[in-house]
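Two complexes are shown next, each including subunit A; its partner changes from subunit B in the first to subunit C in the second.
Right, the complex of A and B next:
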């Protein structure tokens, strides 16, 4: 599943990512697209609390893809 | 409990980026500005360069007073607030050394020059609540909006217009508040009653207590993520070491605690030179000067009692565009721009939802009005007031916390 929160600032990228993680079907993973760097700190924190693993990839200047997968 | 989560961005294939080159050009231009400023007034050059240092650190550490307060409620995350506390602890020691040098006997009925001591008024509580709510709605406080303006956030420019408007409204209502409340309220500067040693001990103990309280609050969320390490890049050669160090400073974000400590240290430097870090007094001067220039009868009247206050007092009819604090605020913008460009984090960001503009404007007005009543923003009335050993810093912090809590409730009503 993809979540595009480019243009949104704190706390929206994190809040929307949390909503999406909670609603994510089993076996799916979530890709969050953002251009707001502070959520590189907040999303992994919340992801860990929800049992997700985070990997962050810089895909632009400045744009990031945050991939969130349920921990096995 | 440990976690292997890493916030280390893996560098993907990137196109050649011009941003660092533009950043170097901005540095060169900033150097020319400081030469010009030094010829006009050496103080101008110092404040320009200090402003740049503040802006650079704010952008690098993504230091956000709003998230410090808001995330306590929204995430039960005290990461940024711990950075704020650490910075204030450093500044408390530094400020006390400076104040005790400038006013050796603290038991007199006076306050050390330039310490941010203001009345414990109802207006301070109202101002803190309005400011706390406004900053959460706008997604950044005043310093936060200023460095985000430099990063290319259009919403922050709208917030800044709101802040100027709110400060102008506050200047028009100041005399009413002064007669009702502010002029009669007591001021409490800890060294007057406890000496410098007692004042510094009380402040440091209270900061430590707040830190422990945050640890407890975080632990109730079940899982606490440790601080991100500075870097994971392995280094073998001298070149690797140089690259890693460059990336750690100029490319990767700093942990909030590094940002807080650096800002606290810079604040001590600025006080040693002249006075603590302040922002809103100058923005009020711009707003009042602009209102005067427009000649529409919007210029505020002369303000009662402001000459008895230090810190970020509002400007009445005497608003000006250019003084040393103008250079400090513009320097903050320039420093943040340099930091964003070197890190390749500049981008024109346009909110997609129209309601975000309304949030920025409304939040900005609330912040401007609140900062006017409270004699400062999260910087002047909090980050520079607590280390001034002034009780008003703590009262404002409590009101900000309440306002931020209201803000997190309000966010849930918005799309």
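Right, the complex of A and C next:
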């Protein structure tokens, strides 16, 4: 599933990512699109607390795709 | 039953069970501050605690007071938004977001700074309500707007100028609630790093750590009750969670710096440390 929070600043991308991770069906992963660089720290921190792994890919300047998967 | 975690201001933190028992209480107002997420069908329109009103944070934290995005709107704008959902300073107000996190804490702080005397936070927020199996409503209650919700309490707010004039004061302690990376990239000189989420146990429905553990964490960093405390983060939301935690512990003098690093870090006339 995708969560597009481009144009939004802290704390909303982090809060929305947490809600989306909580609601994510088993077996699915979440892609978060953001242009707010603090998300590169805040979202992985919350993801780790919820048992998710994070990978980050730069897709623009500035724009990132943060992929969140449940740890096996 | 008293909370075994032994908080000095335990009444500030309520449980889903406590709230359910009080749902019919006419003096109680419940405020949902979750940002809507239509794609996931999460947010007020898709289910909320019965009787709760929705407060749109974008209207409150429009940044129009000092031009810093994500921080407070003008006093009139804020008072109007709070009054429109029927909140008055004499009310008991319970605030919740998705998990009892920064958004709810930011509104807790906002209402205290507007002079509200009995504001509380639902521990675990909507996640706690859902898992408690309590009823969910789709209906918005009828509310009577209030013109002047409260008289501002300046003792809850720190501004850039207020901090600048006290930076050398040994009684002042600044607390940075962001992540280690953000702190290392730049912070207010003298600030101690205490990330907001470390007040909570890691769980799907977050719970605060007990008072002894929290007190140890803060006091080890020099954050003690006799100090004048200012908390900040990037936009004043995560720091509001630390503000709430310190209030829960009974710290008497705590201010949230609404402009936070978003303002401080962008100004040429402020000292910074890396």
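What we mean here is this: the second predicted complex is superposed on the first by the 72 of 72 C-alpha atoms of A that agree within 3 Å, B and C clash if a C-alpha of one lies under 4 Å from a C-alpha of the other, contacts with A are read in each partner's own complex, and residues count from 1 in each chain.
What we mean here is this: a contact is a pair of C-beta atoms (placed from the backbone, for glycine too) under 8 Å apart; a residue touches a chain by one contact, two chains touch by 3 or more.
These numbers come from a predicted model, not from an experiment.
Q: Overlaying the two complexes on subunit A, which is it for subunit B and subunit C: clash or fit?
A: Aligned through their shared chain, the two binders clash on subunit A.
Q: Should A:58 be classified as contacting the first partner (subunit B), the second (subunit C), both, or neither?
A: Touch partner of A:58: subunit B, not subunit C.
Q: For A:49, using the defined touch cut-off, is the partner it touches subunit B, subunit C, both, or neither? Pick first, second, both or neither.
A: Both partners.
Q: Of the partners subunit B and subunit C, which touch A:3 in the superposed model: first, second, both, neither?
A: In the superposition, A:3 touches subunit C alone.
Q: Does subunit B (first) or subunit C (second) touch A:35, or do both, or does neither?
A: After superposing on A, A:35 lies in contact with subunit B but is clear of subunit C.
Q: Who contacts more of subunit A, subunit B or subunit C?
A: B
Q: Which holds for A:11: it touches subunit B only (first), subunit C only (second), both, or neither?
A: both
Q: I need the one stretch of subunit B that runs into subunit C once the two models are overlaid. Options are 259-267, 295-303 or 313-321.
A: Clashing stretch: 259-267.
Q: Hey, what residues of subunit A end up touching subunit B and subunit C alike?
A: Residues 9-12, 14-15, 38, 41-42, 45-46, 49 of subunit A touch both subunit B and subunit C.
Q: Considering the complex alone, what residue numbers of subunit C touch subunit A?
A: 34-35, 37, 39-40, 42, 69-70, 97-99, 101-103, 106, 127, 178-179, 181-182, 195, 197, 202, 204, 233-235, 237-238, 262
Q: For the complex, which residues does subunit B have touching subunit A?
A: 3-12, 14, 17, 19, 62, 64, 66-67, 70-71, 74-75, 77, 79, 139-140, 148, 153, 155, 221-223, 225, 228, 253, 256, 343-347, 349-353, 356, 411
Q: Residue numbers of subunit A touching subunit B in their complex, please.
A: 6-12, 14-15, 35-38, 40-42, 44-49, 53-64
Q: Inside the complex, what are the residues of subunit A that reach subunit C?
A: Those in contact with subunit C are residues 1, 3, 9-12, 14-16, 18-20, 22-23, 38, 41-42, 45-46, 49-50.
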